[in-house]
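In what comes next, chain A is part of two complexes: it sits with chain B in the first one and with chain C in the second one.
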Partner chain A sequence: MTANQIMFILFSVMIVTFSILTVTSRKILRAAVYLLFVLVSTSGLYFMLNYQFLAAIQLTLYAGGIVVLIIFSILLTSHISQKFESIEWKKSFFTALAVIGGAIVTIVTILDHRFAASKQAAAEVNMRFIGKSLLWTGFEGYALPFEVISVLLIAAMVAAIVIAKKSGPSGSDSQTLKK
Partner chain B sequence: MNTGIPIQYFLILATIMFFTGIYGFLTRRNLITILMSTELILNSVNINFMAFNRYLFPHKLDGMFFSLFIIAVAAAEAAVAISIIINIYRRFTTINVEDVDEMKY
Partner chain C sequence: MTSEPWWKIFYDFTPFTKSIDEGLRSSMSPFWAVTTEMVIVGILFLLFYAVVGLFLVYWERKVCAFIQNRLGPNRIGPYGIFQTVADLIKLLFKELIPIKNADSFLFNLAPYIVIIVNFMVLGAIPFGKGLHAIDFNIGIFYVIAVSSMSVIGVLLAGWSSNSKYSLIGAMRSGAMIVSYELSLGLALITMVILAGSMQLSVIVEAQRTGWFIFKGHIPAFIAFIIYIISGTAETNRGPFDLAEAESELTAGYHTEYSGMKFAFFYLAEFINMFIVASIASTIFLGGWMPLHIGSWEGFNKIMDIIPPFIWYLGKTFFIIYLIMLLKWTFPRLRIDQLLTLEWKYLLPINLVNVLIMAFLVLMGWHF
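Entry: the complex of A and B
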């Protein structure tokens, strides 16, 4: 067994265990921390696949940004020690049945298919090439999705500010509702 | 490179992660945990993209760029979702999906 395989087994065991714990843990803050572990092990997989840039993005944006955002909103909306009531077994059982059925169908399809591994030499992933491709409008350039993403980000930012604003100039419903 | 790890292992791992996310999405009753389940789903799709790119088309970088865009979309989605969740909490003082059933402004 090579070191690569050992690392892959380690990462996959971590991912599977912590993703199951994320969706079953009854304490919400713990669920968020388990999600953090899942995301960090996923970035380990990206490092194994030799995509260092994307692994770094995964670490900073997902593990650094989104998880911190989620933890902040947890602290704003619920008590840390609060436990969820356990879901009724009937619902949990039938959902698990459906999910396992779907997973088995997908895995059988994956194992059935012959993937033709490419023999071509791997492209070198350096920052210069990534930056050029992101702004290139010709063949294999990503200028259009890049612009779409930038518009989406600014729209999301404006939307987040508008929605989370305390109350509008005319509407004070949120205050009256609490009273 | 990745000697001894077939592409199927990556795909099976992503499948398990995806369906775990679906399970959480269907059974959870708290908005933030539902959001966390969607993050799991998006992340498993990213693993698929990267494995396909590395094993089947190593001379291109399409999978990497699309994972990049998915991560950006996930970040935007999380920001908007959390602002909505905080607004819901202000109005209803709960973020349980079963108690939030009215849209009246």
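Entry: the complex of A and C
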């Protein structure tokens, strides 16, 4: 067994274990921390593939960004003594059915597909290439999706600000809904 | 190794590390050679971590004493230099108090997250010529990405302690770190535009003809100031230390920690400061590169006499001294002032600065 295989098995076991723990944990912050472990292990897989850019994106966006926001909102909303109630058996039965069905479909698809094995060492992806294709307007360029996503993000941010904004001094010109 | 005098090693560690690598690879399989190397590097980093941490604690107390017109630690050893060692021994023997109704798993995990993140960043820093554990081609981006996770340790510590002080401290520190990360990243991106690369070894090498703070003149200097401000905020240090404001929150997010677990947080804060200063010295002040001025051969030769490792340490400790002066000079900010500073001043200035730097590089107006 090579070092690569050992690391791969280690990461996969971590991903699987912590994924299961994420959905079964009854304490919400622990679930968030298990999710963090899953995301960090995934970035470990990317590092193994020598795709360091994607690995760092995974760390900074998911681990450092989204999980931090999740933890932050948990901090604001829930108390340490709170626990999820255990789910009634009907719900868990049908959820299990759906999960097993999904797993079967995925596994069959993966087993059906013939993966071309390659013995080549993973090549490092040039950062200049990534940067250029992200801002390239021509063929195989990502400038348009990049811009579309940024417009979407601005729309979401403006919406968030409108919702969170305090009403004006008079209180009558508020745009928010009133009961 | 044989023909060269022994002190040459201080100028270039590459032959030394290479000979160790070859020696290991000739005596065992590649797998075990790599494993042994990782263990050696890990132990070296642990030692480095402890020594630097202890020294910084001592130094901070001395700088604080200097500014407040006191003597500072002066009893244990000459000038009190063994004071922090004694403190460490005391902390090692202290009881680890378990907290009732705390989430013990997260409570114990939190200090380790902070420490692990520290080590992951330290591994990517070039300490000297040939003293560089991992040289990613995304160097700076890796540093930003990994250090964005350290806030998780703080948030977990605050929540799982089941204490009001800790929770308020964690909330403050979370809001602060998440917002100041933007400025930190943008200030570094400004310099990436100038360097044309994110690989730290390439960035250091590009400063052979002059440090970036001189090469990029005005925008580089603005980026340096913004970096120091947001770096100070990132490390939860004064004047941005409202996460652990002693007068209001006892100790903020690590109020409930005792003994070694508290020491972990305490050390991590100092190592964080060291990391911020090392990145600043690598990006702005040339890292281990001696002070070179363009093509002044004679001047450059004289500067080369001082080993790169000493240059690196000198610059890093100079920046640490700046950060310490900041802490002991300015009063603590309120949370609203803090967020105003970031979102209304630093961020717009930073965005404009990135544009100026891009324009400068396009026109070739840098040195």
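Criterion: the second predicted complex is superposed on the first by the 153 of 179 C-alpha atoms of A that agree within 3 Å, B and C clash if a C-alpha of one lies under 4 Å from a C-alpha of the other, contacts with A are read in each partner's own complex, and residues count from 1 in each chain.
We take it that a residue touches a chain if its C-beta (ideal position, glycine included) is under 8 Å from a C-beta of that chain, and two chains touch if they have at least 3 such contacts.
Remember, predicted model here, so these are calculated numbers, not experimental data.
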| item | value |
| --- | --- |
| Chain B versus chain C as contact partner of A:36, first or second or both or neither | second |
| Which superposed partner A:28 touches (first chain B, second chain C, both, neither) | first |
| First, second, both or neither for A:52, with chain B first and chain C second | second |
| Comparison of chain B and chain C by chain A residues contacted | B |
| Partner chain(s) touched by A:138 [first = chain B, second = chain C, both, neither] | neither |
| Contacts of A:20 with chain B and chain C, given as first, second, both or neither | first |
| Partner chain in contact with A:120 - chain B first, chain C second, else both or neither | first |
| Shared chain A surface residues [contacts with chain B and with chain C] | 2, 53, 57, 65, 74, 76 |
| Complex contacts: residues of chain A adjacent to chain B | 1-2, 4-5, 8, 12, 15-16, 19-20, 22-24, 28, 31-32, 35, 38-39, 42, 45-46, 48-51, 53-54, 57-58, 61-62, 65-66, 69-70, 73-74, 76-78, 84, 87, 91-92, 95-96, 98-100, 102-103, 106-107, 110-111, 115-118, 120-123, 125, 129-130, 133-134, 140, 142, 145, 149, 152-153, 155-157, 159-161, 163-164, 171, 173-174, 177-178 |
| Partner chain A, residues of chain B touching it in the complex | 1-5, 7-13, 15-17, 19-24, 26-30, 32-33, 35-37, 39-40, 43, 46-47, 50-51, 53-62, 64-65, 67-69, 71-80, 82-87, 89-91, 93, 95, 105 |
| Chain C-facing residues of chain A, complex | 2-3, 27, 29-30, 33, 36, 40, 52-53, 56-57, 59-60, 63-65, 67-68, 71-72, 74-76, 80-81, 124, 126-127 |
| List of chain C residues in touch with chain A within their complex | 31, 34-35, 101-103, 105-106, 109, 136-138, 141-142, 144-146, 148-149, 151-152, 155-156, 158-160, 162, 167, 170-171, 174, 178, 181, 197-198 |
